[in-house]
Amino acid sequence: MGIGLKQFAPGHRTCAGCGSAIVFRHVLEALGDDVIICQATGCMEVTTTPYPETSFKVPWIHVVFENAASVASGVKRSLKAQGNNHTRVVAMGGDGGMIDIGFGAVSGALERGEDIIIMVYDTEAYSNTGLQRSGGTPFGASTTTSPAGKKIPGKQEWKKNIAMIAVMHGAKYVATANPAFWADLQAKIKKAYKLEGGPRLIHIYSPCPVGWHVEPSKTIKVAKLAVETGLWMLYEVEEGKLKINYKPKEFKPVEDYFKLQGRFKHLLGRKDIMEKIESHVREWWETMEKVEKEGINLLKMI
Amino acid sequence: MPREVMEGSQAVARVVASCDVKVIAAYPITPQTHIVQELAKMHADGVIDCEYINVEAEFSAISAILGATAAGARSFTATCSQGLALMHEVVFASAGMRIPLVMVIANRALSAPINIWNDHQDSMAERDSGWIQLYCENVQEVVDSVVQAYKIAEHKDVLLPVMVGMDGFYLTHVYEPVEIPPKEKVVKFLGKFNYPYRLDPKKPVTMGPLGFPADYARLRKQLAEAVWNSKKVVRKVHDDYAKRFGRSYGDGLLEVYGDGGKAIVAMGSMCGTIKHMIDKDELEDVSLIRVRTFRPFPKDEIKDVLRDKDTVIVMEKNISLGNAGAVYLEVRDALYDEKRKPKIVNFIVGLGGVDVNRPTVKYVVEKAEKVKSGYVEIVDGNEISASY
Amino acid sequence: MSKTKQRKDLPGGIITDIGSTARNKTGSWRTFKPVVNLEKCTGCGICEKFCPEGCITIQKVEGYDKPKCTINYDYCKGCLICMEECPFKVISSVVEEK
């Protein structure tokens, strides 16, 4: 049987080349059978459960958009009250559901130290409703509500960093992942599964070919370039200690990443903006590498 | 069984403990706060063995108890006013998903202006959600209704959430002698919580899927029928409870008090004042029809008790802005097919905690004499001081 | 994949027929069809890891000793990620004939 199929059936209505579908297969396989999934409204909810069908073969619940982490908190406490301490409970949602509208619920669950796994699959926009800008949308990206216009070249704010926000809540384990690095992704999910007694948050890059105007076949290519340009850093923070899992020998030019994607098309040839982004990335890496090298315990900052 | 004098909120907390609730979600809001504070203390003292979740918002309170109940544990939360309004989305979703939640609503006005005092606008705004709604007259009834709410919600033919309305401050903060039914007896009455389709890795299910138009409409029809049909369960549970615990509230749907030709239709704590005035002959030829179950609406039953009245005076603490009081509209609708229609008038009283006292009731009854059928008035309290 | 079809609506639209989207053969969406050159396929499994549908398996194929890339065309939507990511370039695409 193929990867993840024991937990997640085919026949779902995700678009051809969907990055989130790849993410889900790996996540669900790594989680195994003894889990309950609490999912936020979004692409991976509507495409997978068109009544009376479902792709899921593990217990799964969806309520509304912004409460996955709260539903998961209730499910976990319920199991605990019933003496079940083995089943893992996962709150899953996209950047809209977890970084924006459901952020309060995520923050609350992190603050309470809920014994759950919070998984954010980040398509960097509201993919389900036609690619509107979200807190996860990167600087410069053109979306339907931050379009590249004659005056304003796409989104003018930096991406909200949900992973470091989780660290600052004192989360037990925080990691970033990317489907192009599937073994790393699975390992992180398994680690989150194993670590008990507090919240674990995994922030996963999830390419959306239709929304990003990327060839469906290039989903993984784009995902890989996100890492190789330094725009998406693979790291984990366990008990406050940062570890960068992959360091490209040399960053590829951001332009290589942008030219595959319609959402960045307007930035090609805009040296000023490209340099602004590249220097932002460089400074971010320098800071993170310094934190890693000096062994700074990030939990001591709070 | 002994009666103890305690605050209404404390009584709710005590009866929740009797119901063997396993998960409590709590978020403060006046005048509900005392309920979850009392439960927190009982939890901290080890008096109740349950999970207590201090959520970051009411939206998460209802979401957490939804998750907890779906995973197979009896749960509880309480809220009111802005908190209930914030929950709105999940109020609808939980009914649509047929999750048997129980919530106590310490009824309070909605903003604006911001106001912490009692009326029924908060829960009446949720009347179309699919929740069963019970409105109580006194603390003892709240206590008994909480037990009944779990029994009704979890009934296999119902599987609907239930809200128990208790007037904020008038009932949450009043000290009354009440009898708290003991846990052994309540647990025996309720039986073990056994939600049939719970989230369980041994028997996986999918809950809350996407419904395309035809499936959505069919499932909403299923929900509508479940709410209509729950009427007989509400009644049966009330009757069974009365047999076991010795207290009843009319037939569980309506309570008829007196037989005067002028019928006041009302809900909640103001019914105590009206009953007192009837007892003391302060009102001539007046009877009271107390609506205890507002959802499902006891349409046939109310028609039966009102058809021979001369005047129906609906006094209520809410208004469907742009029209009239919600209870009035439904009572009027119930009487539409009757050949002989009583005169029917509507008085909106007690908004934002304006006292519904004896002069108010007197004013309403006297004014009802002078006006035509269909008359609607919002009594803001200033009329009373002017004329009494 | 799915065994029994759920016949009646359960309260709230709960679905007990798990994994039942498998009834929906998304292969009909395909415009381009990935075709594997089995002679050259090493069975490395990269394609399997990146298929969004999970419709690629590395399995025994008749006439070959080593397991090979096998595409289940019932579900393949024709995204061609497998072709793009194949390190040995043994997958090509043809226009789907319908």
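By letter and in written order, the chains are A, B and C; residue numbering begins at 1 in each of them.
In the analysis below, contacts are C-beta pairs under 8 Å (C-beta built on N, C-alpha and C of every residue); 3 or more make two chains touch, one makes a residue touch a chain.
Everything numeric in this text was worked out from a predicted model, so none of it was measured.
Using the average of C-alpha coordinates as each chain's centre, B ends up farthest from subunit A. In this structure, the chain pairs B-C and A-C differ in their number of contacting C-beta pairs, and the larger number is found at A-C. Remark: subunit A and subunit B have CA centroids separated by 42 Å (rounded to whole angstrom).
Averaged C-alpha coordinates give centres for subunit B and subunit C that are 54 Å from one another. With centres taken as mean Cα positions, subunit C sits 25 Å from subunit A.
Multi-chain contact residues of subunit C (touching two or more other chains) are listed as 9, 13, 15, 18.
Subunit B has residues 97, 204-209, 211, 215, 219 in contact with two or more other chains. Contact of a single residue of subunit A with at least two other chains is seen at positions 49-52, 54, 56-57. Subunit A makes touch with subunit C in their complex at residues 1-5, 8-19, 21-22, 25-26, 48-57, 179, 182, 209, 216-221.
The touching residues of subunit B, counted against subunit A in their complex, run 22-23, 25, 50-51, 53-57, 59-60, 63-73, 75, 89-90, 93-94, 97, 199-201, 204-212, 215, 219. By the touch rule above, subunit A contacts subunit B in their complex via residues 33-36, 38, 45-46, 49-52, 54, 56-64, 66-67, 69-75, 77-82, 87, 104-105, 107-108, 111-112. Only residues 96-99, 159, 197, 204-209, 211, 215, 218-219, 222-223, 226 of subunit B touch subunit C when the two sit together in their complex.
In the complex of the two chains, the subunit C residues touching subunit A come out as 1-2, 6, 9, 13, 15, 17-26, 29, 48-57, 72, 74-75, 77-81, 83-85.
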